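In the two assemblies presented below, chain A is common to both, partnered first by chain B and then by chain C.
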Partner chain A sequence: MSDTLSDDASGGDDGQEDVMTPAELIGKLEEAWLNEKFSPELLENKSEMGECVMEQLTHMEANLQRVRRGDVKASVHRMEIDRIRFVLSSYLRSRLQKIEKFFPHVLEKEKSRVEGDPSFLSPEEFAFAKEYLANTETYLKAVALKHMPPNLQTVDMLKAVPEPCLDSFVFLRVRERQENILVEPETDDQREYVVDLDVDSQHLMRYRAIAPLVSSGAVQLI
Partner chain B sequence: MFCEKAIEIIRELHRMGDGQLPAFNEDGIRQVLEEMKALYEQNQSDVNEAKSEGKSELIPTIKFRHCCLLRNQRCIAAYLYDRLLRIRTLRWEYGSVLPTNIRFHMCAEELEWFNQYKKSLATFMRSLGGEEGLDITQDMKPPKSLYIEVRCLKDHGEFEIDDGTIILLKKNSQHFLPRWKCEQLIRQGVLEHIMS
Partner chain C sequence: MDPSEVEFLAEKEVVKIIPNFSLDKIYLIGGDLGPFNPGLPVDVPVWLALNLKQRQKCRIVPPEWMDVEKLEEIRELERKEDTFTPVPSPYYMELTKLLLNHASDNIPKADEIRTLVKDIWDTRIAKLRLSADSFISQQEAHAKLDNLTLMEINTTRSFLLDTLNCMYKLRSNLQPGASGGKAQDHH
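The block that comes next holds the complex of A and B.
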């Protein structure tokens, strides 16, 4: 998969990143895509990566225009473009779905973020979430809430919309060895339940226990 | 009994199963709101009485009514919100123009919400990547092959594919088209994917 891409668009990625070949870029996209698809909560945004991939796609499309019609190579590349576009769309889609599902919590998290910390939302996603919240609130108000008794005219969205369930289980593959991961953090037993994770081993664990490892890239959700 | 109407409208929605949108139950909502109004007024007068005449035996009743009020509010919010989620799914299925029979089942405010949602989504998709943006409502399934065989289920008129060729989509005609061009038409029920 990566072969066709790299000889198609070599030198197309003079972005802000130090050096990253298109193949590495697509690898990163696939990682981010799987993590986002399987984690219960919204992960950090990687909008820069998304932009790079978009750039690649446009670049590849442009290259395709130059190829003679009916060339076999062209259809292979076309397929490649389709695949990458699917992964990118699916990635952005699952992010958007989580934003819609958990919008009050997502916005709350964004509000409490310390200045300088990386944001979980891209500016566009942030705008979308804000509009979604405002739109939904206006709607509820217009249809029902304003007809209710004065003390019941507001709904606390934070309480009304369910939070992401961090205790759900996820499958993961380990990329960097980890020691002493607490599986059951607060049990009444005296002994904490601790495991070591070996490279390339696969596990089924609660998301909460390994959430920091997902964002640092030490484990990959599968 | 209080709150029964509220449960009823939720049941009605629940019975429809996934993704289907029943007609907006304006009457049901109105009845629940009326019940709430009655409960609230009774509570108001009882609160005044309890305060002025020190009748503490009224307090449990007041509390009970207040619980009913909260429950009604919650049920209505749940009903409306669940409908919104269904409407949202419709945007992803049918594209930005909804079929008339579905619009018929929505109330004016829901249409308004839908239009706003449509706009937010469009703004978001336009902002992705280059000048044209990226339509993420396309490519819903991983691509297996570049071209697929499709059959027309209804007359759709002329349809242009990428290289500029124009084909006529006539009922019962079959075509071999780029998959990503027909995805939406398939979802709208204009084309049918022929599996061999």
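The block that comes next holds the complex of A and C.
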């Protein structure tokens, strides 16, 4: 088998500054996977990254089509593809689970988004969330609401579905040093205090305190 | 997180193998591997090493720390100190299990190593339970967890985090005016 790929990670966009090697791309995918798995709320969508990974996979699979069966190298490539595919699907699946769990809030956030700001949902996820909302409403109407007295026939989904709990505790590892992170007291007789987060140190604290650092990549949830 | 997913991450760690076949470089998406020459040690990720081993295509060289003397030292230190001591590998437990289950014939004194690593693990988990207990009884809002491995965190994750969330819920209902009546997800 010939050199399958080595330099086409950026998907052909030239003139871009953030050219990533395929290995770095996979690293990013794994980071996003763990962050999404452990954060209580839905994080920013990384559909560009997902597309790049898919591109790598289809490209590699296309190359493997040309290889005869039983080739040792091809089997190694297939194993790698399976591993990457597993991470990618697990990542997308955990996003979908959160969308199903918090759909009214996810859609509300999307609605209040300022024009030009990046969306939290990929176009496919947005369509999924809208459809999920419509289906849930239809279902509730069909099984219960239409049998109710007229003044009780509406349900406010935003109130009916719990919000993500940003006060959940999370485990994290620090990538870039942070100073003066405010730790809110647990009880009334405690005082708030600040901590510094050193590179590579690990912590257990409330998600709310470090949420912006997760999206900036300064900390990694573990 | 499922323990098998932590193991999945551990399988990315690099280990030395001595192949008994020859093969040119492999250009994987995650980086290049090889070339492979019979008898010459080469670095590969654990997932590949185990696959090759199962197909009897290589011998695995155990990592440097997977050694009775070194592990005995670590065990003694771990027992002496009250805090978590640095571990030889962030995936020491998973790697021990994977390598001993699939390549024990390549690892000298495999049984002793298994026992030692289990001892280290038990000591650390006991410490972890103690610190989780004091974290909760002191009602702390922040803890530093250096030297804890992902697998160790994972064994306590769901129990500890659920507990903390439940306690938070109970407490915020006690405090007047604090998010009262507002629906929030607590898993």
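Please note the rule applied: the second predicted complex is superposed on the first by the 197 of 222 C-alpha atoms of A that agree within 3 Å, B and C clash if a C-alpha of one lies under 4 Å from a C-alpha of the other, contacts with A are read in each partner's own complex, and residues count from 1 in each chain.
The definition used in the following text is that contacts are C-beta pairs under 8 Å (C-beta built on N, C-alpha and C of every residue); 3 or more make two chains touch, one makes a residue touch a chain.
Model, not experiment: these values are computed from the prediction.
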Joint occupancy of chain A by chain B and chain C, clash or fit: fit
Touching partner for A:Pro149 - first (chain B), second (chain C), both, neither: first
Which superposed partner A:Val174 touches (first chain B, second chain C, both, neither): neither
Partner chain(s) touched by A:Phe102 [first = chain B, second = chain C, both, neither]: second
Partner chain(s) touched by A:Ala32 [first = chain B, second = chain C, both, neither]: neither
For chain A as apex, the angle formed with chain B and chain C - C-alpha centres, to the nearest 10 degrees: 100
Touching partner for A:Met54 - first (chain B), second (chain C), both, neither: first
Per-residue touch tally on chain A - higher for chain B or for chain C: C
Chain B versus chain C as contact partner of A:Ile210, first or second or both or neither: neither
Touched partner set for A:Phe86, first chain B, second chain C, both or neither: both
Touched partner set for A:Tyr139, first chain B, second chain C, both or neither: first
Per-pair minimum CA distance [chain C against chain B, superposed on A] in Å: 6
Set of chain A residues, in rising order, touched by both chain B and chain C: 57, 79, 83, 86, 90, 160
Chain A-facing residues of chain B, complex: 29, 33, 36-37, 40, 69-70, 73-74, 76-77, 80-81, 84, 88, 107, 109-110, 112-113, 116-117, 119-121, 123-124, 127-130, 134-136, 138-139, 141-143, 146, 163, 179-180
In the complex, chain A residues that touch chain B: 50-51, 54-55, 57-58, 69, 75, 78-79, 82-83, 85-86, 88-90, 92-93, 96, 100, 124-125, 127-128, 131-132, 135-136, 138-140, 142-145, 147-149, 152, 155, 160
Residues of chain C that touch chain A when the two form their complex: 1, 5, 8-9, 11, 21, 23-24, 26-31, 33, 47-48, 51, 135, 139-148, 150, 153, 157, 160-161, 164-165, 168, 171, 175, 182-187
Residue numbers on chain A that touch chain C, as the complex places them: 3-6, 22-23, 26, 30, 37-38, 40, 56-57, 60, 72-73, 76-77, 79-81, 83-84, 86, 90, 101-102, 159-165, 167-171, 183-188, 190, 195, 201-206, 222
